[in-house]
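The following pair of complexes shares a single chain, chain A, combined with chain B in the former and chain C in the latter.
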Partner chain A sequence: MWYYEKKLQYPVKVSECNPMLAKFLIEQYGGADGELSAALRYLNQRYSIPDKVVGLLTDIGTEEFAHLEMIATMVYKLTKDATPEQMKAAGLGAHYSNHDKALYYENAAGTPWTAAYITAKGDPIADLYEDIAAEEKARATYQWIINLSDDPDLNDGLKFLREREIIHSLRFREAVEILIEERDRKKIF
Partner chain B sequence: MSTQFKYWEPYVSPFDPCPPIRIKSYSTPPNLYMTFQPTGLAQFQTPREALHHGTLWPELFSPYPNPHKWGEQDG
Partner chain C sequence: MAKQVPKEFYQLLREIQEVDFVLLELNLYLDTHPDDYDAIEQFNNFSQRSRELKINFEQQFGPLMGFGASYSNYPFDWGNTPWPWQV
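Presenting the complex of A and B:
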């Protein structure tokens, strides 16, 4: 079970009224390499993985939900006061006609989130390698969003999230090392 | 040489509905232990043998399914 703490993992500040950034940010909300995919991937894989790395998947999967909240807050702040005209000008006309200002699990092109974005192969090495790849892809996505954004306060939050991807990737690579370690063998010196 | 399979013992609850599988295994093929293949690695004696194994190098061959029973040292 989970306990909820009513605050963000890292403060989110948006200083410029630029609804178009919301369209780009939604990639990390409901995109293939976004935070929802990450959280659901890790929290699902942990059941069938060796117990030595279950805790890691639980912790990182939980943190991904904290990241999802930060992205949601950014998107909400960027769109909540936009007029329909501003939404249309930002490329969010199609989103507005379907959802008004509601957030939705979709990528930057408007494709709804699908479970096909994630896998669970059951082989612990294959699953952890997918997790490492997912972290690197998420890091790259943050880089491209930062390149598109000229809001320094928003970018501060995005840089924090990018750094977390780097740390998670290392933790997953450490998990692989733990699983391939020759533990059963007697060491002879 | 590294072992080709690793074993672990999942948690077994007294309330599990089915008879437990106490020891589970997963494959850890030799590529996981080779960052970059060294030059001059020993090759199989005959082309036929290499073709049969799917690789020129015995050190990179990974057997499947597990040819050893649990408890035996493999690799």
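Presenting the complex of A and C:
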């Protein structure tokens, strides 16, 4: 099970109301390589993967939910004071007409999240390579959003999240090595 | 809506976030390096530090964790603001 802790993993600040940045950022909320996809992908893979890497998948999957909450906080803070006119001008008119200011699991283009974004192959190496690719894609997406953003407070949080993707990718690559080593040892004896 | 929180709330919370980040990083590292004795020692030391900081924070600002992992005051104060996105 999980326990909720009433704190963000890293402080989230935004300089000013900016619904257009929120529109870009929603990619990391409900997009293919976003935090929801990441959390659900890793936690779902745990049941069929060798015991040696279940701890890592559990912990990174759990951290992804903390990142999802940081993204939600950013989007909430960027939009909470926006007028309907500002939402419309930022390209969020369609979002506003359906959801008002509510958050929704969708990508930057407004496409709802789908389980088709994630796979579960049942092959440990295939699954871990997908995880590594997912982390690298998420890292790249953070970089593109940072490039689009001129909000120094927001970018501080985004840079933290970008660095986390690098660490996760590193740990998943170590997990691959652990499984390959274990497989080779079984062949010898 | 969230009520005004004192400056000390942010300072203490920040300290907890820092210590808990060290713990999270060490946890992921130890998941793939389970034989690193020094890292485990650091992990246990920071775990102790995190508990101490949280006891102090909770005495002033209420429970950090739900489902009984933190104590409650009277009346039940788990649902009190601010929530993390409100600060």
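Keep in mind that, in the parts below, the second predicted complex is superposed on the first by the 181 of 189 C-alpha atoms of A that agree within 3 Å, B and C clash if a C-alpha of one lies under 4 Å from a C-alpha of the other, contacts with A are read in each partner's own complex, and residues count from 1 in each chain.
Assume a residue touches a chain if its C-beta (ideal position, glycine included) is under 8 Å from a C-beta of that chain, and two chains touch if they have at least 3 such contacts.
Given the structure is predicted, the values throughout are model-derived calculations rather than measurements.
By the touch criterion stated above, A:178 is placed in contact with chain C alone, chain B being left untouched. When both complexes are overlaid on chain A, the residue A:123 reaches chain B alone and has no touch with chain C. Contact comparison for chain A: of chain B and chain C, C touches the greater number of residues. By the touch criterion defined above, A:51 reaches chain B but does not reach chain C. The touching residues of chain C, when paired with chain A in their complex, are 13-14, 16-17, 20-21, 24-25, 27-29, 31-33, 63-67, 69, 83-85.
Of all residues in chain A, only 50-52, 123-125, 176, 179-180, 182-185 touch chain B in the complex they form.
Considering their complex, residues 3-12, 53, 55-56, 59-60, 63, 69, 72-73, 76-77, 167-168, 171, 174-175, 178 of chain A touch chain C. Listing the residues of chain B that touch chain A in their complex gives 2-3, 6-8, 10-11, 24, 26-28, 32-33, 73.
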